[in-house]
Amino acid sequence: MQTYPKKRVEIFIEAPVLNRLLQFLSDQDVTGYTVLPALAGRGDSDRVWSREGQVGDAGRMVAIVMIIDEAKLDTLFDRLYAMVARQIGIIAVSDCTVVRGERF
Amino acid sequence: MADIFALAGANLISPMVLFFALGFAAALARSDLSFPEAAAKTLSLYLLFAIGFKGGAGVAEHGIDLKLGLTLGAGAVLSAAIPLIAFGILRTVTRLSLVDAAAIAAHYGSISIVTFVAATSALASRGIEYEGYMVAVAAIMETPAILVALWLARSVIAERPTMGSDGGLMREIALNGSIVMLTGAFIIGWITGPAGLAEVSGLISDPFKGVLCLFLLDMGLVAGRGMRSSARHLAPPVIGFGLIMPLIGGTLGALTGALLGLSPGGVALLATLSASASYIAVPAAMRVALPEANPSIYLTLSLGVTFPFNLVLGIPLYIALASMLAGG
Amino acid sequence: MADIFALAGANLISPMVLFFALGFAAALARSDLSFPEAAAKTLSLYLLFAIGFKGGAGVAEHGIDLKLGLTLGAGAVLSAAIPLIAFGILRTVTRLSLVDAAAIAAHYGSISIVTFVAATSALASRGIEYEGYMVAVAAIMETPAILVALWLARSVIAERPTMGSDGGLMREIALNGSIVMLTGAFIIGWITGPAGLAEVSGLISDPFKGVLCLFLLDMGLVAGRGMRSSARHLAPPVIGFGLIMPLIGGTLGALTGALLGLSPGGVALLATLSASASYIAVPAAMRVALPEANPSIYLTLSLGVTFPFNLVLGIPLYIALASMLAGG
Amino acid sequence: MADIFALAGANLISPMVLFFALGFAAALARSDLSFPEAAAKTLSLYLLFAIGFKGGAGVAEHGIDLKLGLTLGAGAVLSAAIPLIAFGILRTVTRLSLVDAAAIAAHYGSISIVTFVAATSALASRGIEYEGYMVAVAAIMETPAILVALWLARSVIAERPTMGSDGGLMREIALNGSIVMLTGAFIIGWITGPAGLAEVSGLISDPFKGVLCLFLLDMGLVAGRGMRSSARHLAPPVIGFGLIMPLIGGTLGALTGALLGLSPGGVALLATLSASASYIAVPAAMRVALPEANPSIYLTLSLGVTFPFNLVLGIPLYIALASMLAGG
Amino acid sequence: MQTYPKKRVEIFIEAPVLNRLLQFLSDQDVTGYTVLPALAGRGDSDRVWSREGQVGDAGRMVAIVMIIDEAKLDTLFDRLYAMVARQIGIIAVSDCTVVRGERF
Amino acid sequence: MQTYPKKRVEIFIEAPVLNRLLQFLSDQDVTGYTVLPALAGRGDSDRVWSREGQVGDAGRMVAIVMIIDEAKLDTLFDRLYAMVARQIGIIAVSDCTVVRGERF
């Protein structure tokens, strides 16, 4: 089956700004993303966090996975990065392939 | 005086305080005891639902006071004024940056609803009544402090590259889940009155105290874990602030309540609200509005220092103070 | 007539309806109030457990009626017949495709258990009794509609590349979690009778109404969110269908119940079951069996239009109709 | 004898057993009925909270017995001795490896708190009292069995490449969430006594039985799913062990309790604790301490074979035995 | 340490058909997969979904991650894709390496 | 924007040893990781597991995602693998790129 190369963008971002980030993605006409929960983590700043027993959103992370066309990613990456860098968050980009190339 | 100690002593061995202490100790000892996040959130929604509904039903039963409007206004003023005091103290006695100080100040102007609930429960154990609309005062005090903190940090905000107006923030703060649940249940309790209360009291009255104990156990676990991982972010003057500030806020609140002529229970609750520091709504708002501020500081200070202080010592003190000021 | 308005008015300011409205409004206003998924599922299991057990215990106490078998059969027939009517209307007055119309039809033939629970609660507030076995009728009405819808969409299904028989679907539908919980609790309530009920009533009776309010708040939030994101998928004739169809189903159900000689409460419940539209079991079954149908349409219509209609206006109407038809 | 059958019969049609059976059957029939993980954990915390608190309040009310210390000691000895017997049997009648046998032995020396709770509930239905401190005995019996199992498997452990001392394991086992919740609630119940109990009994007494039924339904689902996917890991002699071992443990426990002069209820509970097999704490500990052992075997045996056996037949037997041994 | 190249297949699929998909994978003798929950998402069709407060399965997604040998994947990919394409779902494939090559 | 190649390490490990694994990562000065929940899975050993209704940790898995520098990964991989191999668990490593290269 014919497949097409795309980018898999994985963003770990603090939960309180999730909605803003998703709004940003919608504004950029991103064709799709999925938000995954995260349980716990540890970062550069030596902060350890865990979702257990927490009521509030501050201090916890969520993950966003987004399969996207490279050209499209290029047009929005700088602004996306600026937004994530201001907050607690990281972005990692890797390669992947999909079937319906035009869909992403 | 002897009375205060008796009160504090009785408080210390109440199931509420003991379950909080159990959680705190278990977390420090690195037990893996923990509540699922979904359970903690649901317990918290339950408490908001119950306290809001009961407050509204209370207003329906006793009618509104002329004082309602005044107390709401006074609550908003306290919520706006306390951050200014807090900020002043923090900038004087600690080495925290302007933005960290502003963020912390927002927490102390705003309120902790669980502290409020614990105070209502302590009042109930002592048979002291309070105005049902104090629930609405709690709701109104959540927000003004945030606006004042943003104004305190205006120099930092001004330096940021413009990134479009953020009109969403105000709506988000005003319509955050806790406020909507609390206010909504309050209004519904008010509309449906004692008849409505009778329908739901099998859920919101009978198991209330027990649920509060479970929730405090969870809070002890979270607070203890926070202290274990982040206590090193808190310099001694900052910890001192976390113990003194509730006394200042509490005294202001109690005086205001007495001036307004609230009942002793109402005075104690206004003191408690003023003394308490937010640890859910404000931290989330600060991550959006002041991401430069270090969350390890404000979260740990509010939840790990001030919350336990209020629960264990503050509440009996505010009740004692209220009895002195408002007769009883 | 005046009576109907009084009933509807009383219903409008019941805690149940008000909490649903609170949730709906909060979602439209984009509040972030929400229940954890685990809490919503657990509340739903609780309601099934409680209503099933009480129904079974009721049967144990009052004995079975000769009407039980007849009513079960009539429920199955209603569940199978209503989709035919719904499909006919949809294909006539809307421009929906055959497969979308068939999928929607399945929802209206099947039932919404929360609507049923809300109706039992409304009956209880009015002191109207009902046959305990109506719970079993609810369980039996879940499935036939799905089979009829698949038959209605047989031309679409025939066009698909064969992908092996899907014998699993029928088992899945018949043994879906809600049916098993409801039927299981019903049977256990029946076996253990009033003694069993006494053992569990501290869980299933006292807090019941309050839990229902919480769950309706959650449903309001979900329905409001659905309307906000998907109302544009619903053309006006489709919305009209969502408001008229429950009246047609409800009338059919009420007439059938009256013919069977059910009590007024039983008639009202059969009307409610016929009027209600599934929003849990059938949507999931449709995703498996008719993936060509657009879920945004049937989910939004069932949960965002018909559920609120039944909760706010339908239930008091069906109760009024039942009193007229079955004396009272 | 006739009595035993009557007891067992009554037990068979109790809501508790029936809900467990419902879950088990639903899982075998591949229904998708399931509880969210968060709900299952919360229900389990609730049961520990309630049973611990009630036990402590009972001790506060009736004072401590000289027997308390003795019974705690006897519990620890039983927990350590039973694994030796279990290991001996397993190595004789099954072909399980040394490490699998040792891991299983740990489960049977330790305890299942839900089995304990079910037994207290069965006692309550029969109006039989028991010593409140049996809760503390339950807590103390969790751990010794694990240490004995590690000693039984010492040859396997010795063969491993050294990977640093694992001092953490003992702390983890001793401070695992269940033990902390149970012991903490027990101590708080003891400190706050009947007054404390009155405050929380709306949560821990009234809905208790119903929550237990829900939890047993969940356990039935999990046990049934486990049997469906893993029964093939259990050779017939292993299943036989899972049915005989509780009788051996139960008899030992009952004799010990009678020797100590416990009340009939206390004897029945000590028998139940000795007969029950852990399915939460010990499996997790085994994954850390004996990863070579196959979890499909010990989990399935404990939860799918021994737990149902105890719930359905064991508990009435241990109660009958206790009445014979301790008068009644 | 010697490592072996494998494929990492990530499937986002609507929850109601998860069990069928897993059954399909078992039928194909897939040696392993893990199902991850998803919280929310947005797709091509502009549908936004969120798990919050939901009781039912319809309208929500789950993720499946599957480390698999390329040759094996080739034999089943067409049927897997056909199954996913009929429903709401996407598949993305990327490269990865593992240690025990023979295990996948 | 300048990006840097890193490794994305994905570990599926049984829940009871999660804390030990995280402790190990901390001891190795790993600069960051995120723990993701898993719902269900199936492995080589034909064990099927699901989190539904479970109270205990035994028999369920969690996922750990770790963006890390290749050189750093090399220094700890053998010990990491030894730890995971002793338990129920697998490790898959893939390539990705990030912006703040020095952070990982």
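Residue numbering begins at 1 within each chain, and the chains themselves are lettered A, B, C, D, E and F in the order written.
Rule of thumb we're sticking to: a residue touches a chain if its C-beta (ideal position, glycine included) is under 8 Å from a C-beta of that chain, and two chains touch if they have at least 3 such contacts.
Fair warning: this is a prediction, and the values are worked out from it, not measured in the lab.
Colleague: Moving step by step between touching chains, how few steps can get you from chain C to chain E?
Modeller: Step count on the best path from chain C to chain E: 1.
Colleague: Provide the C-alpha centroid distance between chain D and chain E, rounded to the nearest whole angstrom.
Modeller: Between these chains, centre-to-centre, one finds 39 Å.
Colleague: State, to the nearest whole Å, the distance from the C-alpha centre of chain A to the C-alpha centre of chain B.
Modeller: Each chain reduced to its C-alpha mean, chain A and chain B end up 33 Å apart.
Colleague: Just give me the whole-number Å value for how far the CA centre of chain A lies from that of chain D.
Modeller: Each chain reduced to its C-alpha mean, chain A and chain D end up 45 Å apart.
Colleague: Hey, how far is the Cα centre of chain A from the one of chain F, in Å?
Modeller: 19
Colleague: Residues of chain D that touch two or more other chains: which are they?
Modeller: 32, 34-39, 41, 206-207
Colleague: In chain F, which residues are in touch with two or more of the other chains?
Modeller: 36-37, 94-95
Colleague: Give every touching pair of chains, nothing left out.
Modeller: A-B, A-E, A-F, B-C, B-D, C-D, C-E, D-F, E-F
Colleague: Where on chain E does chain A make contact in their complex?
Modeller: So the residues of chain E touching chain A come out as 10, 12, 36-44, 61, 63, 77-78, 81, 85, 90-95.
Colleague: Would you mind writing out the residues of chain D in touch with chain F in their complex?
Modeller: So the residues of chain D in touch with chain F come to 34-37, 39-41, 44, 163, 168, 218, 221-222, 225, 229-230, 279-281, 283-288, 291, 295-296, 299.
Colleague: Using the touch rule from the top, collect the residues of chain F that touch chain D in their complex.
Modeller: That would be residues 14-17, 20, 23, 47-48, 50-59, 82-83, 86-88 of chain F.
Colleague: For chain B, which residues count as touching chain C in their complex?
Modeller: 36-39, 41-42, 45-46, 49, 171-172, 175-177, 180-181, 184, 188, 191-192, 196, 199-204, 206-207
Colleague: Where on chain D is chain C touching in the complex?
Modeller: The contact residues of chain D facing chain C are 13-15, 18-19, 22, 26, 29-39, 125, 205-211, 213-214, 217.
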